[in-house]
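After this come two complexes, each holding subunit A, first together with subunit B and then together with subunit C.
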Partner chain A sequence: MRILTLIKRVPAPGARINVTDDEQSVNTANLGFTMSPHEECAVEGAVQLIEQHGGESTVLTLGPAEAEEQLRYAASIGINNAVLMDNGGEDWDPQRTAKAIGDAIEQLEAEDGPFDLILFGNESADSGGFQVGVRVAHRLDRPMVNGIKGIDVEGDVIVARREVDAGVEVYKMPKPAILGVKEGLNLPRYPTMKGRLASKKVEINAVPPVADAGGQVKVRLLRPVETVSNTVVLGTDESAAPAVVDLFEELGVL
Partner chain B sequence: MSSVLVLVESDQGAMAPATHEALAFARDFAAAAGLAVHALVCGTESGMAVEAGAHGAASVHVADHPLLDDYGPEAWGETLAQAITQYAPAVVVACGTDRGNEVMAQAAARLDLPFVANCTEVEPGATEMTRTQWGGSLLEQVTLDASTRMLSVAPHAFEGSLAAVPGAGMMDMFAPVLDDSLSRTKIVDRVVLSSGITLSTAPVVIGGGRGVGSAEAYAPLEELAELLGGRVGCSRAVTNNGWRPHSDQVGQTGTRIAPELYIACGISGAIQHWVGAKASKNILAINTDNEANMVTKAGHAVIGDLHTLIPAITAEVKKRKGL
Partner chain C sequence: MSDFPTNAKVVVIGAGIVGNCLVGHLARLGWTDLVLVEKGPLPNPGGSTGHASNFIFPVDHNKEMALLGEQSANQYRDMELSVDSGGIEVARTQERMDELNRRMTSAKAWGIEAHLLTPAEVKELVPFINEDVIMGGFYCPTVSVVDSLETGTTMRKEAIEKAGCQVFANTEVLDLITEPSHVPGQTKIKAVVTDKGTIEADYVVIACGVWSNRVANMADAYIPLAPAVHQMADVGPMDILAETNNEIGYPIVRDMDTFCYERQSAGSMEVGSYGHRAILHHPDEIPSNEEAALSPTEMPFTPDDFDPQMETAIELMDMLGEAEIKYAINGLLSLTPDTMPCLGEIPEVRNLWSAAAVWVKEGPGMAQVVAEWMTYGYPRVIDVHGADIARFYEEEKTDQFIFSRADEHFIKTYGIVHPSEQWICERNLTVSPYFSRQEALDAYFFTARTWERPQWYGSNADLVERYGLSERANEWDNRWWSPITIGEHLNLRENCGMVDLSAFQVYELEGPGAVEFAEYLAVNKVDKPVGSSTYTPWLTPDGGFHSDLTMMRVAEDKIRIVTGVFDGGRDSFWVKKYLPEDGSVTFKDITMETTTLGLWGPNAPAVLAKICDHDLSQQGSPYGSLRNVEVAGIPCTLFRISYVGDTGWEIYTAWDNGPALWDALMEAGADQGLRPTGGGVYGTSGRLEKGYRLMGAELESEYNPLEAGLARPKVKAADFIGKEAYLAAREAGNEVSMCTLTVESHADSNGVDRYMQGGNEPILDLDGNRITDSHGRVSRVTTAGPGPSVGKFLLMAYLPNDKAVVGTDLQVMYMNELFPVKVAAIEGSVFDPEDTRLKG
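Coming up: the complex of A and B.
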């Protein structure tokens, strides 16, 4: 089996997200970088499926040259190949992103054959457009379901499960297929020392992206109005219990 | 008169409550923009035209096709794309739920139109809007340049309500042309889970974070949750450690909760956790650190060790309940 996973490098903010003075981006001074937890699960899912069914897995990102860090992280937990589409770290809208990624997939498939399964995250952690995977799937004329928390490969059929309020929906798609996965699909492993060392040797395949901008243009980022609270401190040890239960009574939750 | 077309989200013939939010938004938006409100129902109609009318739709296009008798993102997306081509609405709106965003993305891909997900404010021309990023921790103002403006409204950004002046809800049958191959993404099976209180509906949620320390240490939180008729939730640090299943996780990539009371124990209140908890009506933070974000944002706090405090609270609750 051949599996491709798409990941996006994003800042890892803490208690609040600060915006740069020009209001164009997240202030990343002192911040680390990561990918969406959904994408971490997609990477882990790809590694597990290859462990079960054999084959090889590839990870691809469109972003700044530094996104090599996220590619190598994926390699450190078992992904075999890495592709970097360096767009200089510009903010690309979802249509443009999808076009560039679609082009790259066509090129990779022309060289090495089709991917049986392509995994996206349910949504990017930062911009949350909820669409890049769907657009790519339409372009490649492949079945695509988003929000997936369970995947089984049964011969030429991909069985995918999606959690909804009332339970679970089951989808069965012919290969090749595309899925958008959600955190909870699995519990991603941590890289081992051996994995980290091996990931340093993985060759990064550079595919330059070209695509025109789409119709959604960012004007500025802003923080939502923050909750200000004059926190009432009920105590500092177990003697606070009666005051806590008074609060339960007051709120009618007892 | 040109229209705002609202995608009705439904499951097995029942309208999703989120659609009421999209219709309420569309009603006010249409009034300001001088447009008519239309709705699109996919599959079994079963009274949804009347319901959409009561929420303000003047006209309801009912797409009837065997492929639409259950949900499938491709068949629904193709149907929406054909409806947009046929009725040429100025604006297309869905609620930004899993299905809403998925069907809009499918239709937008087919028409090669932009699609702006999770808007919280839209100018009457629908060329400028504000949308959420980071699951609502950040907002982005965007401009939209498109012949047809496709957008979803962020869940809970607009309140669903009956229209003061109901729409006619006039039914109009619409026959999409759908290729059999689109059945490839139709639901083939459902597993119905036993209904009970879920994280998103529980009146009380007791969240335990990294400060709880181990999987076993959730037992006292479970006991208190049971006494209060609530549910235990957790942070991502906890699911990552394998202490609790992901279905208990509150936050950007977990569940959004809105209980009467959220008791956050040993949770620092990272922004991605906070966006999932901020709709709680009251928050009590229990934390050893009085500067933790969760503490400074909560209405009430106890600055102390959750391991001694939770059992003490449980004992006090039992005493008052005479147990």
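Coming up: the complex of A and C.
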């Protein structure tokens, strides 16, 4: 089977993200980059499905030229082909992104045949729009389910599961289908050294993105005010007891 | 916070391995009223300590680094926060095998157990190694792995318990406040401004690792270091490692020729690299704790830089290829422009100290050094002239200089560095007035700190033929060397030579208190008639050598100080440190106003007589005297002295007069065999034949004037620094003496003649045992070089009294082979021991 996974280059989590002075973009000076965590699971899922069922997998990203780093990371895990849609690092709205990606998928499928399964992350880790996967599915007129934490392939049927409050929903879809997957789908592997070295040999297929801007306009970026929680050490031995009592009284738990 | 202190005796900034150990050592030495502030959280504030690989290979060719590494390893052991894992440096090339033999020699010098292993023997210790790609290994069983964070915590607790040290984490230093000191151009530390409040302090120590220069800059001071990336990846798990059930069960492997190491960490392997391009960051580019995903000094990994290292690592250990890369960083550590740490009081600001550019492997020992320095006025554990922050000149403190030099030597971290290795970048920063003339004479320049000095002149190549000289057979021994230097030596002894001494650092003390102050600095009497000179040690308070230089009475109230370029920074700082507060003495650096040419050899008087009317006899220009004369119409000072063993003068004149003086002397000497002569003669062969000692080689704070053979028959009445200790040493008598040895055979096991380089090669008895004294000081080569006029290769070394007997047969180890040597002189000369040639 053929699987396409879509990823987005985003700042690595864990660091305070600073905004540039013009409030239009993220200050990347000290940042490392990664793909969104949901997408790491999508990549791992694609690799596992190919390992189980044979075929080949492709990873595609739309973003800056530097996103090659994330494509190669996916390749180091076991993805076979990589496609880079270099938009010069501009911040594209979801409509525009989906249009360009939809066109690119059509082009790739025209050349090498349809993808049986296309995997998106449920939402990106930076802008969190929840839109691109759905828009691409609509554009390609394929079934799509979000929030997926389990995938099986049974012949021509894709079986996908997602957790809901009452239990688990199971979807069965004909190929070709599209899924938005979430962390928890699997435990993504780390690349091996040999995988990393092999990934350097993977050819990056450049597909220039073409699409007009959509309706969503960015006004400015704001960094939320940090809430600082101060830890007060009340003491390290029995002499701290009165302070503990005072605190409990203050909290109304005594 | 109301309990934040407003004053303290000592504020230490930075709670990494160095700052923590420093407060611990200060507490052990009886200090109280200590405050430790740290920008980050504890116990891991986010500096280099937190991501260090924490292993110590104790063998280093450099004495300071080796002995402080060993000292540190023992402190970790004493705290039981250390495991001896053993370690192996493997070689993939013949050049590296030679280097491993050199390592064996240094191991012998420092008394560290070490063995050369065959590839099969390496495999026995490290079963997962691919022995086919290596030629051998250097195994050191006492390589240790330490817990630097826990050690820091332990030392900090000791300081809290012993000395009531107050510790403030998450406290950022915003500024350092200084006040004027009594020394022009120098300030004095007053207070540390933090985001929690301001602390007035008598002493402030910067132990801020990669941030140190930024913090020093707050006081308009400098700690010349560059934060540099060391890439590291943690790969695993691997069963064979996990099965050891141990943090470390296999020896650490250093794959020296690929500049990598493989160090087990429980079930994983840390693969670290010094083989990638130099990646340097300005301190301002380092993120804050909040802005860093991991920690400020664990910067985002740049995998492209690491890929070549992965390939070579997999070559060495195939299992690494299948293991997952779980964690990888661009870890920051500190590099200085000359590779050595930055320790001691910072020259720009009185009582502001540096304990920086120190890695985990030498942290506790160097913290002890700084604590002792603050306590006793100079460290006791070891001489640290190479790490003294005062060594730097202004030109060495620019970002341009620091970063260029760090960029050049990063790759040499695991490199093979020759003892005479020269820098490529940042050259020609300071050149003498004769530079263009020297270039025209095809001079080969060696760098001395920022100065360029001709080591030999290509224009003298004809002397090689005249004296029938040849290159050395072994490439290593011949590297950075030329037989021309022997030709220049022999010509000087036969005719005469002229040496550019412009790199001399020249200072003046002036004022009503100048002579009295000069006496306080010097062991020997300086208060002599105008026109006299004094060759003298300056001692540390403990009576060891701080300096060895010349002081001249140039006027009733003016003393000129002339010292070597490698010592100028330390010596000028020493003067400023003790300069009287009453204003009775002013200090002036006149180095760049003054130039000096040395003129020596049997024909020197005849050459000078052609262009100088002054009486040049021993009556008119006695040995050791200063005479103001005209040379070819140029006002000069003739200083009758010799560091090479033949008669002649150091001729001082104004910088701008230098070229005219050079031309006049060259012209006058044209028919007297005068040749421009390089540092190879002045600094090595000429002085070695006379047994003259050199500061930083023979002379260190661990030795006193008696041992160096520089004690005068009587001690002057005036007080001086180190006098009490010096008197006690005279009372006790010396246990070792400075000796000159001759190499009796140069042939190695392949029949190739080898020549020691003066890189701490150990002197051994005839049974091959190290020779040490009751202080543990080892007999080792302090200088090596040719003695062309005595037909022998010469070594200098301290020997215990029972061995310091002329004619005693001993051995020297060089490149892990033994060569016979014989004691030829005790505290004296092998050439013209009666000094008849000095009189001219």
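Here is the rule we use: the second predicted complex is superposed on the first by the 228 of 254 C-alpha atoms of A that agree within 3 Å, B and C clash if a C-alpha of one lies under 4 Å from a C-alpha of the other, contacts with A are read in each partner's own complex, and residues count from 1 in each chain.
Following the convention adopted for this analysis, contacts are C-beta pairs under 8 Å (C-beta built on N, C-alpha and C of every residue); 3 or more make two chains touch, one makes a residue touch a chain.
For clarity, every value in this text was computed on a predicted model and none was experimentally measured.
> Applying the touch criterion given at the start, work out whether A:G89 contacts subunit B, subunit C, both or neither, answering first, second, both or neither.
A:G89: touches no partner chain.
> Is A:V168 touching anything from subunit B or subunit C once the two structures are fitted on A? First, second, both or neither.
After superposition on chain A, A:V168 lies in contact with subunit B alone.
> Could you tell me if A:P208 is touching subunit B, subunit C, both of them or neither one (first, second, both, neither)?
neither
> Determine, under the contact definition given at the top, whether A:R16 touches first (subunit B), second (subunit C), both, or neither.
After superposing on A, A:R16 lies in contact with both subunit B and subunit C.
> With both complexes overlaid on chain A, does A:M144 touch subunit B (first), subunit C (second), both or neither?
In the superposition, A:M144 touches subunit B alone.
> By residue count, is subunit A touched more by subunit B or by subunit C?
B
> Which residues would you name on subunit A as touching subunit B in one complex and subunit C in the other?
In the superposed arrangement, which is not itself an observed complex, subunit A uses residues 13-16 for both subunit B and subunit C.
> Write out the stretch or stretches of subunit C touching subunit A in their complex.
Subunit C residues touching subunit A: 233, 235, 285, 287-288, 290-294, 299-301, 303, 307, 310-311, 313-314, 320-326.
> Help me check something: in the complex, which residues belonging to subunit A touch subunit C?
12-16, 18, 29-33, 69, 189-194, 196-197, 200
> Which part of subunit A faces subunit B closely enough to touch in the complex?
13-17, 19, 26, 36-38, 93-95, 98, 125-131, 134-135, 137-139, 143-147, 149, 161-174, 182-184, 187-188, 214-224, 227, 229, 231-238, 240-242, 244-245, 247-249, 251-254
> In the complex, go through subunit B and note every residue touching subunit A.
Within the complex, subunit B contacts subunit A at residues 11, 71, 73-74, 77, 96, 98, 101-102, 104-106, 108-110, 112-118, 128, 132-146, 152, 184-193, 195, 198, 200, 203-204, 228-230, 236, 239-240, 242, 245-247, 249, 252-254, 260-261, 268-272, 278, 281-282, 284-285, 290, 293, 295-305, 308-309, 311-313, 315-317, 320-321.
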